[in-house]
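Chain naming follows the written order as A, B, C, D and E, and within any one chain the residues start at number 1.
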């Protein structure tokens, strides 16, 4: 893949090298994927359904067994580390599905986000409810009874609670209403600007590519295209295969 | 390439609760409360037949809850509704589905340890082999089953799931599950199909081709009611849009009109659909434009408001 | 140590009425749990009803033996109804506790002296064999008047014993065939769908409750038949139908593979072969002072080892003998 | 079953005594595991000691190594594999089981295989008319006799209002019924009647109900549950002297580490089938045998007498029949027990064997009493001893 | 009848004085007569006091004898044979105005035609027949229903509290891992057996034994988790599979106990302490009070732990979604291990309390309450620890009081039936909550 990655590259935060990973024996879902996120970068990953985007994030986060290749965070290999160890290293993750604790209240969900540093709760809560004001009013409601979009907000907030230095987001905007989507993207961008290296998987591909520094297109477990957000956004091939024309006609 | 929208659905002006010329679903005074929260409070709503209706509204507006009520998955505190002229209140969910009103779930319900194909075949209605006695004798149901399988494979191909037909549904990715959920609902040739955010998480390129399929279905006489947050899609295929907020129907009408509605824009759409977020966030240089500035303004305001609120609470 | 004898005694369990009975009940459980996802922990109750239905029909009412079997099955169906109507709406794990409790209630009702006239309370019933043995098609004695022994090697039976086995195996074969047939039909597909997510199946227009009830009944009838086969060569004693019996049936089911057709049969054979083998080998080892323990401790050790063996089999072959490994990746 | 009654009679003429050379194979199916496991050791000790005694006497019959088997209980189903083991080992007789329920479950198998089943402890009436080809026998006397003695003892002590706590099984219900009939027939009243199921471990509600009826005396028809019920009753302040026990629970608590120290049963009475010979010496021999076999000391002697007598009777019957065929033994069992009515009393295997070898008819009366079988294989005669606890929590025989 | 049946209780032969002419009461009943194998005997009381000096006559088969009741009101008349006899009470010798009231005769005995105090009497299977006459209005004081109820409620509370200790553990395990731990009964037995080993066999004082048991219980939990459950989680075994493993463990564990302590019942020191502390109708022993005290203290501690500590909340998070819990930085394995340690320690102490409550230590004492524990957990709402507490109290009390109305051999039927009924009304259990759909 990209020749830009070199050993001299000192501010690489997350590096995925020739990764192979999968669930079922004998079937690799990720087939030699490569990815680099430098300090403070906002990386977007797009691709068709079933391409392995979520699997890639899960492998970085230690939730899928890595079969080959390497993953480093801050220069150290994290292959084989369990999720809670990665959290200790400041990596936060919002999964695509099942991303809240249904029987816990919103407040408790958020507390879980801060499991390793309970003292900072009040401060972080303020930050998070600043983004999703709805949640602040319903802290006592059980997450299991929330609407789809509300869940998504809780999921995002939970990951933001811990003030991570690397943030992995799997389709954070799915199910959010248009205003909330824009909000979410802008927030992600803000957070990223504040120094949080962010890797975001999105099917809301245009929006994602608009704000990200660099983007990857993942197809069949390997990166098919790579470039700055703009390059991809305008690449006719990418448009034809992955972005579609619906959002582009600007009705 | 764009197909014409069905026109003349309503009997009068496009106001909330307007009567339709040929309603398939009529809802009256349906309310559902959870403790102190009124999640659904719909006075009157008609869904036009042979048309595609979009149900939009902010998160937590009560859209999914309304779906649950209409399909018998939840019991309302009050209200009546009828489908095709038959009252549905108190009818158990499976009967509702048999009558031709089929739904999908926003949080997908893939039948994990069934293969994708089996998931699909389960969707077909009127299967002879589903009665216990007939099931013992394959001769009774074999032929029908083969037909169902053919149909399922066809749909799967359209939804780009044919390669996974023999995999367990549990092994599908998030987006693939959404697709399966929708494809499965279509197996039953419903009169009215109710889709809860069918395209959330689906790749935009695929979405586009699927929309064509939905339009085909309409041409075949099916009625579609769907919830969606993707305005491009709504604009593209919806003949009619119903907007819900805080449980009520606050607006309805053809997409073009509704999306110009100030209240709808304020509460839901935001006026910045076409703003380039890259510019707004200052990541790339470019014309911010009027609406872009507005957007920034709004966000700042909202933030200040919530901070103020939080401060008040802490005091 | 006479390994030949130990082998023979162990091989006996391949065709024992107990094996057949447990296999039948486990097949019933396969329908209920393996395919239908119903956590029925009351299998002992169904078996008890089958056995008692059979015995009471004969002893109290003087009905023919085959009517007794029908009555046993009918009792199971009624029990399934009574149990199912209120409880099939419960969440799966609640169902487990309710069925366990219901089966215990059945056992206690059969034990109490309140219905002594029918059940002979804790003592149980026996001596109802005449009818069944009368229907035995295999001649009991040869031309020379000596009793005929059927079979070969470790499997040698009198005509009555053979008849019990043949009859049991016929029932089992029918049950297995039925399960095989219905589970590959659309009916089975719906049932499996219900196992995965009821609401999804409901949304597709299937009457979930009715399917669950059918599964509960079919499984219950197989359980009752298991109870009958268990009772055919022996007696019915209420203390037989404890929760342990249910647990053993569950273990058998998982040994063979929960959602499989032949799993329960193989599981039952494994279970009884282990029981029989350990019972034969342990005391011998203890007597030969290879195991430093008393005979009584050796007997106790058997159950320790049975427990450990069950654990190990489940641990190292969690999907069961016939189960599909692939399924395991996705279990919750 | 129906014994061939006449066969023993023509042995009376002065035919020359013939020497015997028999080898008898005995198996046990007694509870080593399960809820009744506490009954296993005394019963097995009884069997083992009897075998030793028989072999030592060397009267032309030798008992081969015993095939020890576990009957377990109805819960763990150990009996199922054990009976098959005994069948395939081709034993002539199986000693067991302790519980009537368990025996019921395997009896048909044993009968089909043609082995003699001989229980030292079954009391269920159902076996009397069981279709058993005359192959089922037992030494435990019917409860009827003990129940009546118990009823008389309680009545004669002048108690008017009595409560009963009994186990819901053939043993408990049978004994309870006879006890109640006798007791009410002599003028007393049953003021509370509580039962529990085999395997129950908590008797609180029952005890509370019994105490609430304020009984003058309490009859406890239980097995090992006495270890729970006894202390609970005494803790509740009920006087030990008004407690009445039965053979299932009449134990020497004083020498029993399982009984809580300091809980005195002084004055409590109990009934138990007992032979004419004193038990102390016999129990010591049982214990010695048991310990020599590599076990810890025996705590309990319930049904050891009956087990011992069962083996002796089988051996005597084999000797009398000059055959170790199960059916032949069964044919002689009634005779050697004295059931034919013309036997000469004898109280040990050696003595009885000598009689038989002399061509006479023996009438064995053993440690469990004057055993006499009827044509069903049920013992018809028994001596029921009455015992009382002293300050040392040990029983002494006080026959009224 | 050739008397094939029976024989006599009396085997002792004394050299009795011959000829029985009774004017004076003998010291021991029947001491005035020659002993035979057959006798009639009895006692005569009036208003619960023995009546002395009543003349009793026996006649039949050509034999006749009489005797007089002694100070205790007792009499005994030996007869030569098992035959039909007539027994007569000389009503003149009864206190003034007292007659033999036909109402108060023993069951099955009626006066002979034309008499009020002569009866036909026969022997049963034994050589003794007792005819007791309890005359006058004996007033019996029984415990009133209300008092019984109070007493049983107290017992039920005690039982419920110890069930709760176990149930909270089961509930926590279920709540965290989804596992219905069928081996929990053995964890109770473990505690009791350890108390037996240390408190009785090694003679460690009880105040020291209890902490030792708790520590050993915790150790058991730790070992089970590291040695068994955690590897199973690693292998990704399904919950039903793990459940079967717990069933196997239960079987193995139970028989391990039987292997070492045999099939008998043992008592812990202090078991059977007198119930001498009374409050109205309730009488308790100091053991009861200590037991309830221990339960309450431990339950409060657990409640505090659950409500106040983040580990408590983490248990629920893990039960919802272990993957997400890990993604939140929760060390899932560690929390689960803590839960096992806690549950096992609670179970061990519950086992000791159960051994005092029954009383007795027995190899299968744990399984006997397993179903009740599960009933409690379910009743309260699966996975809610506080529900388990409430459920346990309900079950404990139900078991204790239900036999006021139903036959005692069905005493568990009441509690189990109540469980079913409550679940029908509240399918999610008492404190359980419904899930949202869609």
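Quick note on the criterion: contacts are C-beta pairs under 8 Å (C-beta built on N, C-alpha and C of every residue); 3 or more make two chains touch, one makes a residue touch a chain.
Model, not experiment: these values are computed from the prediction.
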{"item": "Both-way neighbours, i.e. chains that touch chain D and touch chain C", "value": "E"}
{"item": "Centroid-based (C-alpha) most distant chain relative to chain C", "value": "A"}
{"item": "Most contacted chain pair (by C-beta pair count)", "value": "D-E"}
{"item": "Innermost chain by mean C-alpha position", "value": "C"}
{"item": "Centre distance in Å when chain B and chain E are each reduced to the mean of their C-alpha atoms", "value": "61"}
{"item": "Inter-chain centre distance, chain A versus chain C - centres from mean C-alpha coordinates, in Å", "value": "51"}
{"item": "Chain A and chain B, separation of their C-alpha mean positions in angstrom", "value": "26"}
{"item": "Residues within chain A bordering two or more other chains", "value": "23-24, 145-146"}
{"item": "Of all residues in chain B, the ones touching two or more other chains", "value": "64-65, 73, 105-107, 171, 196"}
{"item": "Where chain E touches two or more other chains, by residue", "value": "255, 258, 262, 407, 409, 437-438"}
{"item": "Chain E - residues contacting chain A, complex", "value": "310, 313-314, 316-317, 319-321, 323-332, 383, 433, 435-436"}
{"item": "Residue numbers on chain E that touch chain D, as the complex places them", "value": "2, 4-12, 41-43, 45, 48, 50, 72-74, 105-109, 124-126, 128-134, 138, 140-143, 147-148, 151-152, 155, 159, 200, 255, 258, 262-276, 283, 285, 357-360, 362-365, 368-369, 399-404, 407-409, 411"}
{"item": "Residues on chain B engaged by chain C in the complex (per definition of touch)", "value": "71, 73, 92-95, 97-98, 102-105, 109-114, 118-119, 121-123, 125, 127-132, 134-136, 138, 141, 145, 168-171, 184-185, 187-188"}
{"item": "Chain E-touching residues of chain C, taken from the complex the two chains share", "value": "33, 39, 86-87, 89-91, 93-94, 96-98, 100-102, 104-105, 108-109, 111-114, 199, 243-244, 247, 250-251, 254, 258, 296-297, 300-311, 314-315, 318, 328-329, 331-332"}
{"item": "Chain C to chain D touching residues, read off their complex", "value": "5, 8-9, 12-13, 16, 18, 108, 111-113, 120-124, 126-127, 129, 158, 160-161, 233-235, 237, 239-240, 242, 244-245, 248, 272, 275-276, 279-280, 283, 287, 294-296, 299-300, 302-303"}
